[in-house]
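Below is one structure, written out as structure tokens; the observations come after it.
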Amino acid sequence: MGNSPTLRIFTLQPSSGVPIYLQLIQQVRRMVASGQLTPGTELPSVREVALEYTVNPTTISKAYSLLENEGLLQRNRGKPMTISAGRHAAGSLTQRLKQIESQVDALVLAARQLELKSEDLCQFIANKMERTRD
Amino acid sequence: MKGIAETMLRLLYVSRMQRWLTGFGLAVMLAALYVGRHPGAHGLVALAGTLGAMIVVIGPVVAGPLLFSAMTAPRTMALIPHGRLKLVLGAFGSQLVLAAFIAASLHAMNDAPTVTVFALAFGALTAFFLGFSLTIYYRLAWVWLPLLLLAPRMLPAYPHLGIRLTSPQGLVLVVAISALAWVGYGISLVKRRRIPLSSRSRAAIPRTPVTYTPRDAMRIMLNGDAKVRRGIILAVLFFGAVFFLLTLITAGAPRPGGNPALAFALTTCFMAALMPAVGSGMLARRGARRLWLTSGKGRAELFVAIESQCWRLLFFAVGAGLLMAVPLLAMSHHSVPAPIALVALAVLPLSCGSAAMYACLLYVRGNRFVDILIVAANTLLLLGVAFSAAVSSPAFPFLIGTQIILVPLLRQVAARRWNRIDWLFLRQPPAAARLT
Amino acid sequence: MTDSLVTTRGLGKIIRGKTILRDVSVDVDPGTVVGLIGKNGAGKTTLLEILLGFSPATSGTSRLFGHDSFTLPAAIKGRIGFVPQQDELVNLLTGRQQLALTAALHGRWNPDLIERLRSAWEVPLDRAIQGLSGGERQKLSILMALGHEPDLLLLDEPVASLDPIARRQFLQEMVGIAAGRSRTLLFSTHIVSDLERIADQIWIMRDGAIAWAGALDTLKESVVRLTILSRKLLPMTLPLSGAISQHLAGSRASAVVTQWSEAQGVRLRQELDAEIEVESLSLEDIFVEFHA
């Protein structure tokens, strides 16, 4: 049982306020959206992840189950879980926006504290996106 | 100054239990003194008074050096300015106090000459304390215990030595040598750069796979040591040899007050019984905790297992003691002792030893007044039995009868306590506290 | 629904007039990893001692595998492993002898497991235990508790003396055991970050009582720090349920709450007409907040 090539793609921070299963879910969603994880890619088993990152296997299992419910992962009997095909890899607009909702909340709060106007903020963001397009 | 005084007090009041014993003993002494003033008082009162004095003194004398080595052992002691010096001075002071107390109480009880007793007591205490402290690192310290009982017996056994010692020059010599010994010990302790760990790092034990039977495993876990029997044999051999030698030297010489050989024989058997009884009893209390989960036994079963363990050791020790004592008696009487004498010789240590063992085993609820009372009363009785046996007092049968009756009673109490034993009380203190 | 392995109801312990434990009612389901955190003197060790039957409870019940803790039968004891805070090793023996003793007493023993761990952790077995360092002694204690492959493993501050590498190795071993799903672990420790890795249930003990017991994930999701920025003046007491602390300054406020939910967030935003930033906390922060 060799190491799965995808074993070390996650960055799990146990000491974060975000539960581990949620971190895993968010990362898998992001990587699927960005194309880093293509449909059919095998994911490491619960046990492998738990041992590699020294985290509780229950939390990994929970993450995988929730991702399976969302339709992002596919359980293959006797074989490792894979990214499911036949779904729009990018995810709907609402889902993608939801991913960055917490950052946006923080941004809005900071902007308010600095008494920035929303038009200025939006322009600023648009400029940034323009510049990082390439 | 405060450090020295604190050390002195600590060495005199070894534990909370000892404070009670001291109070108890003092009360007995004062009562004996009071009664003794009345006309018609007899020897038993004086005996009680002396025993009271012994109770006050025995704890600090026996446990003092143990405590002292525990206090000097930590490396942090070397960092405290003049720490070790204060400890030695405190120890010195405590032995002075003890010697003074012994002299004062013997004077009050028997009109013994104060100065003589003080000097001799101080000499004996010094020899014991320093000898014990020096040998404790080699785990041979317990050999000093019988010397306590040996010392007062030696004086009547060697009249010439006695006269020379009790002469003014002799006394001065004793005190001087003792004082020098303290100075020498103090200097060596303060100067010591490295505190030796109280372990002998033996050569590596072979790597062959080790297996034990469950019964052996239980035994070792309880005692904390695989070689208890060897220790007992060594101890018994040691003071058997000492007494043997003494009997050889004094053989044939009649002396007033009875045959020293009998006293020696009794002492051998007595010590042989007491040490394993109390020692294994104390170890068992904590050791049993190790067995609660691992051996799967219930509390009642554990008690029975511990009890049979202790009895086995007791029989073993008494047997070894008898093996020493019988030739001793035979030699001094020039004839084989009568069977009934042998039985009596065996009954004494067995009864006292088992009573001491159960008293030790029942002491599992921490320092409760009732428990302290039971232990103190039993100790008093024990000393009474030993004493009256040694001086062939008429009170002996009465006392030993009481002791024998007490054994099953003490066992009942101990068994009941063990059924509800709360091992939270018997945890070892955390490592940090162990240093202080 | 499987029966709980460990069940306590209203457990209390009073020593010399001082209440060490009060009304502790918890359950441990099989296959879980429970982390017990609390300040020194909060009663963690006492709780473990009572669970294992070393000490009788003053009130309430404690049951292990369905049996009363104080009178556990031998068969049940064989399924339990315990690593005490103060090791109970016999100083004069060597590690090898100590392990052999424990093996002899238990009957069931897995020497391959012990050897694998021993060499990974580099525990010297042929020196007298007296000469071992604190960390080595602790590792040996752990080995002694694992050898008979217990179904329930209780550990009282098992990593206090271990260096970070040894701790990580130990945690990996625990994860391996937990991944088997057949064993249950109950840890008590100060090192909160270790628990964040491997625990799925957390019990927070405070002054002898359980201040919080439940899943770690739920704990992190429910206990949050709020930063509130309102357009108007805030009321003196904020309408927060389960608030542990709050600080007010005009139209700004911060608070730590223990029962956070999305619904509460929506309601609060409307009621206070405010922006609310929700910050989730690490377990260590949560622990500190519980003791603020």
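Each chain carries a letter (A, B and C) given by its place in the written order, and its residues are counted from 1.
Convention: contacts are C-beta pairs under 8 Å (C-beta built on N, C-alpha and C of every residue); 3 or more make two chains touch, one makes a residue touch a chain.
None of the values given here were measured: they were computed from a predicted structure.
Counting C-beta pairs in contact, the chain pair with the largest number is B-C.
Of all chains shown, C has the CA centroid lying nearest to the centroid of every protein CA atom.
Chain B and chain C have Cα centroids separated by 45 Å.
Measuring from the averaged C-alpha position of chain A to that of chain C gives a distance of 30 Å.
Chain A and chain B have Cα centroids separated by 73 Å.
Chain C contributes residues 32-33, 168, 171-172, 175-176, 178-179, 181, 193, 196-200, 216-217, 220-221, 224, 227, 229, 275, 277-285 to its touches with chain A in the complex. The touching residues of chain A, when paired with chain C in their complex, are 14-22, 46-47, 50-51, 53-59, 62, 102, 105-106, 108-109, 112-113.
Put simply, chain C touches chain B in their complex at residues 15, 46, 49, 52-56, 71, 73-75, 77-78, 80, 82, 85-86, 88, 90-94, 96-97, 100-107, 126-128, 130-131, 134. Per the touch definition, chain B reaches chain C in the complex via residues 197, 199, 201-202, 204-205, 207, 209-214, 216-218, 220-221, 224-226, 289-299, 420, 422-424, 427-428, 430-431.
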